[in-house]
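Each of the two complexes below includes subunit A, the first together with subunit B, the second together with subunit C.
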Partner chain A sequence: MSDIIAAADQTAATTLLHDAEATLGRLSKSGGGSLGPFVANYSASVSFSGGSVDLIPPNIIQLADCNVNYSLNFSFGIDLNDFLPSFCLPQICIFGWCTPKICISWPTVTIPISFSDTLTITGDFTVSAAQVGPNWIVSITIQSVPLLQFGAGTAALLAVIAAAVTAAVVWIPFIGPFLAGLADLVIAAIGIAGLTGLLGDIITPFISGLTFTLPPLPAKMLVLPAGGPTDPEVDVTITALGAAVQASDKNELVLSASIA
Partner chain B sequence: MSLTQNFHVFAGVAESGINTFLKDLFTTRPHYLNYGSPAFVPANTVNATSVAAITFPGVPTGIQFAVSFGIPTVDLFPPDAGTLSPIPPGPNQLGLHTKVRLTVGCFTWNSDPGNDKRGQMVPIFVDLDVWALGQIVSHYFGPGTGFITFQLINVRIPGIKPEGLEAVIDCVIRMMLNALLENVQLPFHVLSAGVFQLILEQGPTIDQDQVEVWGDI
Partner chain C sequence: MHTLDSRSLSVGNCFGQKFPKAGEVRYFVSAGALIPSAAKQTDGGYVIEVLPASKGAQAQQYNVAVSLKDGALTVSPEKLKIHAGEGVLWHTVDPAVAGFQVSGAGKGFRFDSASIEDDAVFTHAFGVPGKYEWTDPNGSGVGGTIEVEPVNLKRAEDRDRWFETVQKAGAIKIKGKSSSPASVKIVVGQTVFWSITESPGVAITDGRLVRRGDHDLDHDHGKGRGKHKKGNRDRD
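Entry: the complex of A and B
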């Protein structure tokens, strides 16, 4: 029999998980990826919120409809020559004097994009406890990467890219008649597949191995603080800690501790 | 039956956990167990608490004494099989067992004013087996804060005759034990192993050899 037992039902476990989401905070990373035919460099940050817990014995915590709130800052370069027709000023001769033939070479423009959206995931997590240094850590770790559904947010991102393309090239002379078509061409080149591919590459690492932790439990747990020269601090030592989902008339997350 | 029953969280400390806590507490702060008048304990230390001698007219040094308890162990309801306690715990009660050494400084002196020989003190002592019956008292101040402690309702020291003397000793020991047990404060955060801040809604109760509380977070 364990010395200490703490149990939480699904409602309380949901509260604990939301606390763990807040504790996890915002995760960040940067890198590069393929955006259709373009190469995009990005920095991304992700936080998690919401969701409900379903405790499934013997050891599964299913988290449903957890919000993955992500923010992206990325940029990609477009060589306009790939999209716009070549443009040459013809040679003009007047009284024996001729202008040279001038051909416009379109520049490569860099398109900066900032975008934030939320997607929801549902996944199975397992719970475990281990001593890490001076603390016991209860970890709730995802078992597999769920399907990431990029829905309405993806279409919105395409619109953001179209607007960014237009803004990036509006200063270029002679291009006015081509602006609308240029944006459409770039969007078509990227395509939904290219976009979801990049988003998947960015977001998946945040989900893979996703681990929420409950507040660390010091192995040397303070029971009574020091109260003066004759009253030293009183501690007990957690020598073992277990975590499991147990079934009865309602399923519970149960932590069992042995102390010395 | 689920541990949380009709509540959202449950926390329980088993008899073994309570006894581990008592051992750690009294090993760290043994002065809660050991008391003595200045002839035995000249000053307060972490090991012992100095108390005044019992004054009695004519006894030059007062009556010097010492009281030293062993680390108590608790037996939460239901009582342990084979317990020797004359007052085993009933539902929602705890039994407590310890030993106590009562020491008296047996002082002899010469009342002849012409005799300047100093008196002599010889300590004599008796070891007693103490059985007690008690209950849990909760001091809850808000989510995650507060503690539980013990309060004794009866003490028995078997084998003392006549019965009147046993009643006197039982009463004295009960007062001493209750006083020292006020220092035994087991915080709620230990009951929940520090995992959550308990909003106490029911308990503490004693059952199945553990102290149990229920509530929300």
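Entry: the complex of A and C
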């Protein structure tokens, strides 16, 4: 039998979770991944916001429509010879001189991309409690990575890549006549699958193992302050803390504490 | 780099020089203008052996390719044997060559792509559209405008037409301190030839590369009113 029981309904649990999202803040990582046939190096940051909580007994907290706000900076290299036809300056003769035929070797260019977007996820979380040092920590941890649907963000990112390709190569001598189809060729090579593959590789680690923590609960709590030299303070110590979703007329997130 | 500058030749540029008299000509290829006068050097570089003109034979042109090997500029072929009246044309197909200058000297003869004097040609293939005000940083006063139109190949016939167009060159003659025509209009990919004769030593340079005040930019095309300055190299 627990000594103290605290309960939060879905509305209160939603508020607690939004606070936990804010506390989690912005997470960052960098690395490399495949962007279709290209290799991309990226740095990314992600924050979580919004969503609503649905409490499902015995121990599931479903978070619906949580916003995953992400910002990406990535770059990838393109060997333009893979996309452009070979072009040679022809031999031209005038004034008694002839220029040699000179074939142009297209360079490899780096395409820098900056992109921010938001996607929504719905996932099942489990709740648990553990004592960490002087505090009890209640954690809400995602069970599995939900399906990431990038949707309109993918189309927007394709447009950003197309614009970046054009901007990155426009300075290259003799490329002008071939520029019209270049961005389309690069986009086609990447494809939707290549793009969602990279986005998935970048975003998934932020969501895998995602854990929100509620404000820490001190294991030792003051009940009555000291009244004098012969009247010491009175404390209670939480010796065990359980967290679960319990069924009732309106399901509740229940914390059950045993004290000494 | 793909700039209009005969002092720094890169892919798409050529410099040709005719050799009027027999004798040994030693020349040097350098990444910049900071080399001693070719006329003062008796070692190193490359040698062109100019034989007396052969009567009745048609004058030939010899092409020399410049490339970068182990961080140094090299030429191919390294040795040349030509006849008086024939020409040598230097160029590069190596994109690693950021720019080179060629200068040489023999008995009573010298040449320099940064100070072109006589019986020489400089060519530049224009790869980026825009309006180019070319000028002579050595101050002869010659100059002009090259207008390079963009090309957008949307259909196969556009490409065919463009390939035909790039086989035609723009032509500018510099004689002494005059140049003509004052303006040339071309499309991206076309080459312009500058033929130089009897010049005090000009370089062909995009005006944007020349600091205002380095010379008289207010040239009067065809009249050569600009004040010619001696180049910054040792020209003995």
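We adopt the following convention: the second predicted complex is superposed on the first by the 239 of 260 C-alpha atoms of A that agree within 3 Å, B and C clash if a C-alpha of one lies under 4 Å from a C-alpha of the other, contacts with A are read in each partner's own complex, and residues count from 1 in each chain.
Just so it is clear, contacts are C-beta pairs under 8 Å (C-beta built on N, C-alpha and C of every residue); 3 or more make two chains touch, one makes a residue touch a chain.
Please read all numbers here as calculations on a predicted model, not as lab measurements.
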Which of subunit B and subunit C A:180 touches, first, second, both or neither: second
First, second, both or neither for A:236, with subunit B first and subunit C second: first
Which of subunit B and subunit C A:100 touches, first, second, both or neither: second
Touching partner for A:5 - first (subunit B), second (subunit C), both, neither: first
Contact breadth on subunit A, by residue count: subunit C or subunit B: B
Which superposed partner A:171 touches (first subunit B, second subunit C, both, neither): second
Touching both subunit B and subunit C, residues of subunit A: none
Residues of subunit C touching subunit A in the complex: 2, 11-12, 14, 16, 59, 61, 63, 65, 87, 89, 91, 93, 95, 121, 123, 125, 127-129, 150-154, 159, 162-163, 166-169, 171, 188-189, 191, 193, 195
Residue ranges of subunit A in contact with subunit B within the complex: 1-9, 11-12, 15-16, 138, 214-215, 217-218, 221, 223-224, 229-236, 238, 241, 246, 248-250, 252, 254-255, 257, 259-260
Residues of subunit B defined as touching subunit A within the complex: 1-4, 7-14, 16-17, 20-21, 24-25, 28-29, 31, 44-46, 49, 185-187, 190-196, 209-210, 216-217
Residues of subunit A that touch subunit C when the two form their complex: 87, 89-90, 92, 94-100, 102-105, 107, 171-180
